[in-house]
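Each of the two complexes below includes subunit A, the first together with subunit B, the second together with subunit C.
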Partner chain A sequence: MMAEPFLSVRDLGKYFAPRRWWRKARSGRWAIRDVSFELQRERTLALVGASGAGKSTLASCLALFETPDSGDVRLEGRALRHTDVQLIPQQPAASFNPRFTAGEALAEPLVIQRRGRRHTRREIVERAMEQVGLSPDAVSKPVMEFSGGEHQRLAIARALILEVKLLILDESLSALDESAQDQVLDLLSDLQREVGLTYVVISHDLTLAERMADEIAVMDDGRLVEHAPTAELLRAPRHPRTQELVQANLALSEDGPPL
Partner chain B sequence: MQPFHSGRMVKMSTATVLEVRGLSIELDARPVVSDAAFAIPPSSIVGLRGDSGAGKTTLACALLRLLPVGRYRLRGSIRLRGRELMDLTERQLEQVRGADMAMVFQDPLQALNPVMRVRDQVGEAIRAHGGPQKPERLLEMVELPVSAHIREAYPHQLSGGERQRVCLALALAAGPALVIADEPFTALDAPRVVELAQLFRALKQKLQTSFLMISHNRNVLAKIADHVMVMRNGRLDDG
Partner chain C sequence: MKYLGWRLLHGVGLLALLSLLSFMLSQVASGDFYSQLRNDPRISPETVAALRAQAGIDRPFPIRYAAWIVAVSRGDFGYSLAYHRPVAPLLEERIGATLILTGAATLTTWLIAVPLGIWSAARRGKWGDRVSTVAVSLVLAVPDLVLAIALLVLSVQTGWLPAGGKISRGYAQMGSIQQLRDVAWHMVLPVTVLVAGSTPVLIRHTRASILEVMEAPFAMSARAQGIPRRRLLYRHLLPAALNPLISLLGLSLGSLLSASLLVEIVTGWPGLGPLFLEAVMERDFAVVLAVVMLSAAFLFIGNLVADLLLYRFDPRIRTVD
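What follows is the complex of A and B.
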């Protein structure tokens, strides 16, 4: 018998109806529909697709920011809980309270979840900062004084502080320049091995997906149209949308054909 | 003092569209860009790449003299079709911006008017420069489909690629000699990047316009630019 999958998503759907109080609501739209996939522990799945394909809605549902209108998400055979999953947003800088210091920003989840006491929290925060390659001395530095790459690290530290096993990264690396991106990628793969994390990475950039992910799922118009191991999907894309992505990606690669 | 030329007179005689020499920019007495020098020939794409914070956007804004005078100090020479921009008054600069040198900003949603239809925004840009063109012509030029869906839309109703093209149409409204495009490819998926890159190259040939293209996408620049410059800590190198 196959082992129970770590993450299992079944027939997930999210419907958005326009809210109009002055007249009857017109028909809404399924942002995602019939999305099903499974992911094993300590693997990385990349969700790619054009803008508007439903990637971020799926991410919000997986992170429990949105309640799906159909289907369910299960982790290790039980319903997914808030303490299982964290989302790293696209612009981490915007997700921090600008008046917080790094220490306050990282301790906030502990405070909300009522974990630890003041001095033990400080220890946990310093350990988390070390874990993501930031100096624990920076704990009293205001968050706004960190650089873009460091914000990303802080957001990862904040996500890890509750010891979650599933991280959703929503275009988290696309705003970083090449060298910062490389560093955060290294950090993520180290953490995956050390802590045993499972990642779902949302990206419009197939190159990035190729570098990070064990498997890639392609979304189009709210549906998951293809899901395969990375190498296989890039070698033999089946769905027209995947083919378009792979071809464009090849055209943009260093040794690809001229544009 | 540089002798004063009107842009149009010199257009035929000078070989470069833009010539920058010894350009240094200081922000609150701290150097941001040091001693930048480069030239952009007519009908060419010059790429500018570098890590974030290297000073790419600051340099681009300085070329249009868009940096606030109080905090920034500029030294050096910026010549557009032989005309020295450093000596111009704000009033004279207004006639250069958009008309001779235009810019496409990084975030199209912030650059466009959120409560104005696409057709009206493009029309406004044309009227501002006294051009005879029709908005439809410009939208066609940037390869946006001639449909009411685009013309009558508000910016938020368009896709990222479409918005970027509308911004480009605005920049091209007065037929400038040089368009500065700041990170036009970020936030677009790969097929849209390919289409937009091809559009830039087609426009370069069709309109004889030059582009200064800022991007951190090394591969795209290598493929479409005639020449690529790299900025590191405020200094320009050949890439």
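What follows is the complex of A and C.
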């Protein structure tokens, strides 16, 4: 018997309509439509596609930023909750309240979810900072004084604090330079093994997707058009949009992946 | 603290410059306090000249300015020619009356506007917010003076409120609690007008600055952690939205002396407003200059208080320092 999939997304759709308070809006648009996929535990799925394809809307729905207008997302067979999933945004620096210290920012999810007491929270925060390779001594440093790569780590630490099993990374690595990217990639794969995390990575960069992901899903105009294991998808892209993306990526890299 | 010293120095310089400007402007105005006497055939030009000499306004401009500055720095604002009294005690009574009025109005305004603005922002797009937005626009569109006059007419017609003034006849015979009630009763009308004038603006600012931070990425991520609305509002949104409001608070503290001038004149409130108007009409320049300087000093202090509050409430400003 096949085990229940860890994450299952069924017929997910999100409709955006301009706000009109005097009448019902007529001219809206489905940002994503009929998106269905499944993902097993401790796997990494990369969502790729051109801009406007609906990647970020999908990420927002998965991270519970937005309420989908159709379909549902289930984790281990039940409805997704805030304590199941966290999103690492593209610009983590902006996702922190600029008035907080690192310690306050990391403890906030615990306070919100009413977990731990004052002194145990501090321990949890320090452990999380160590986990992502930050010095626990930096707890009282204002968030704004960290560097770009450190903000990335802080964001990951903040997500780990709630002991979520699913992380959504929305272009989280695009803003980093290559060496910082490498470090965060290493950190993410270590954490995946140690904590047992499942990643959904949004990216416009196929090379990055190839490095991180076990499987790749391609989005086009709000629909999921192809979903296959990474190697297979790159070797034999079936959908025309996937072929375009693979071609474009080949043209960019000098040596090109083995075909 | 070094910063505070610089600010104070800056303020003193600003006031000095302002005093020079207003002193010069008072010169440009045609005539002086005694000009009207010249039209009176019973008073000889010599008498007028003697009066002017006695008041010291026939001396050349630099000397008079220097004398005035020296006097002001000793706290002596000169002598009111119209009232035949020194300016300082004259102002004292009037300032008290004005501050009671504007203080009550400012307090009421903030107590009404900030909660309403927050409420409106939290319910953006829903019925409550729409109704409040429309109401705010309507009140904003009514000029203060029209409202004041309308309320005065209403009071006269119905007798619900005293029509102007600060105290009733027989005030001196009342007990102190009755006196307090009497003044408060007279304050209702002018305070209403002042509150109606400033509340809509403050509601809009509060609502706008909260809406702005509502969309901030850090508010989004707090929401993604499942934060309750109340905690989001008080722990994240309000502190972030506070800065523009603090600046506005500075402005409203700064205009405590000047905000009510017109309303006082219309409702006959014996504050600085009627005094200032009379002084301008009579060219009683010692009074005019004193009122201008005090208003400016208040504005400066208000802004200073706002900056100190910003310093206190925003850790980012502190780290830059």
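Please note the rule applied: the second predicted complex is superposed on the first by the 251 of 259 C-alpha atoms of A that agree within 3 Å, B and C clash if a C-alpha of one lies under 4 Å from a C-alpha of the other, contacts with A are read in each partner's own complex, and residues count from 1 in each chain.
We take it that a contact is a pair of C-beta atoms (placed from the backbone, for glycine too) under 8 Å apart; a residue touches a chain by one contact, two chains touch by 3 or more.
What you are looking at is a predicted structure, and each value in this text was computed from that prediction instead of being measured.
*Asks:* Tell me which partner A:Ala251 touches in the superposition: subunit B (first), subunit C (second), both or neither.
*Replies:* first
*Asks:* Looking at the overlay, does A:Gly52 come into contact with subunit B only (first), subunit C only (second), both, or neither?
*Replies:* In the superposition, A:Gly52 contacts subunit B only.
*Asks:* Which partner chains sit in contact with A:Ser179 here, subunit B, subunit C, both or neither? Use first/second/both/neither.
*Replies:* After superposing on A, A:Ser179 lies in contact with subunit B but is clear of subunit C.
*Asks:* Once the structures are superposed on A, label A:Leu87 by its partner contacts, choosing first (subunit B), second (subunit C), both or neither.
*Replies:* A:Leu87 sits against subunit C, while subunit B stays out of touch.
*Asks:* Applying the touch criterion given at the start, work out whether A:His204 contacts subunit B, subunit C, both or neither, answering first, second, both or neither.
*Replies:* Touch status of A:His204: first partner only.
*Asks:* Applying the touch criterion given at the start, work out whether A:Ser147 contacts subunit B, subunit C, both or neither, answering first, second, both or neither.
*Replies:* Only subunit B; A:Ser147 stays clear of subunit C.
*Asks:* Between subunit B and subunit C, whom does A:Arg127 touch in the aligned arrangement: first, second, both, or neither?
*Replies:* Neither partner.
*Asks:* Note which residues of subunit B are touching subunit A in the complex, please.
*Replies:* Subunit B residues touching subunit A: 51-53, 159-160, 186-194, 197-198, 201, 216-220, 222-224.
*Asks:* Write out the stretch or stretches of subunit A touching subunit C in their complex.
*Replies:* Listed in rising order, the residues are 19, 21, 63-65, 81-83, 86-87, 89, 91, 94-99, 108-109, 112-113, 142, 144-145, 158, 162.
*Asks:* Can you tell me which positions in subunit A touch subunit B when the two form their complex?
*Replies:* 48-52, 147-148, 174-180, 204-207, 244-245, 247-249, 251-254, 258-259
*Asks:* In their complex, what parts of subunit C are in touch with subunit A?
*Replies:* Its residues touching subunit A are 125, 130, 216-218, 220-228, 231, 235-236, 239-240, 314-316, 319.
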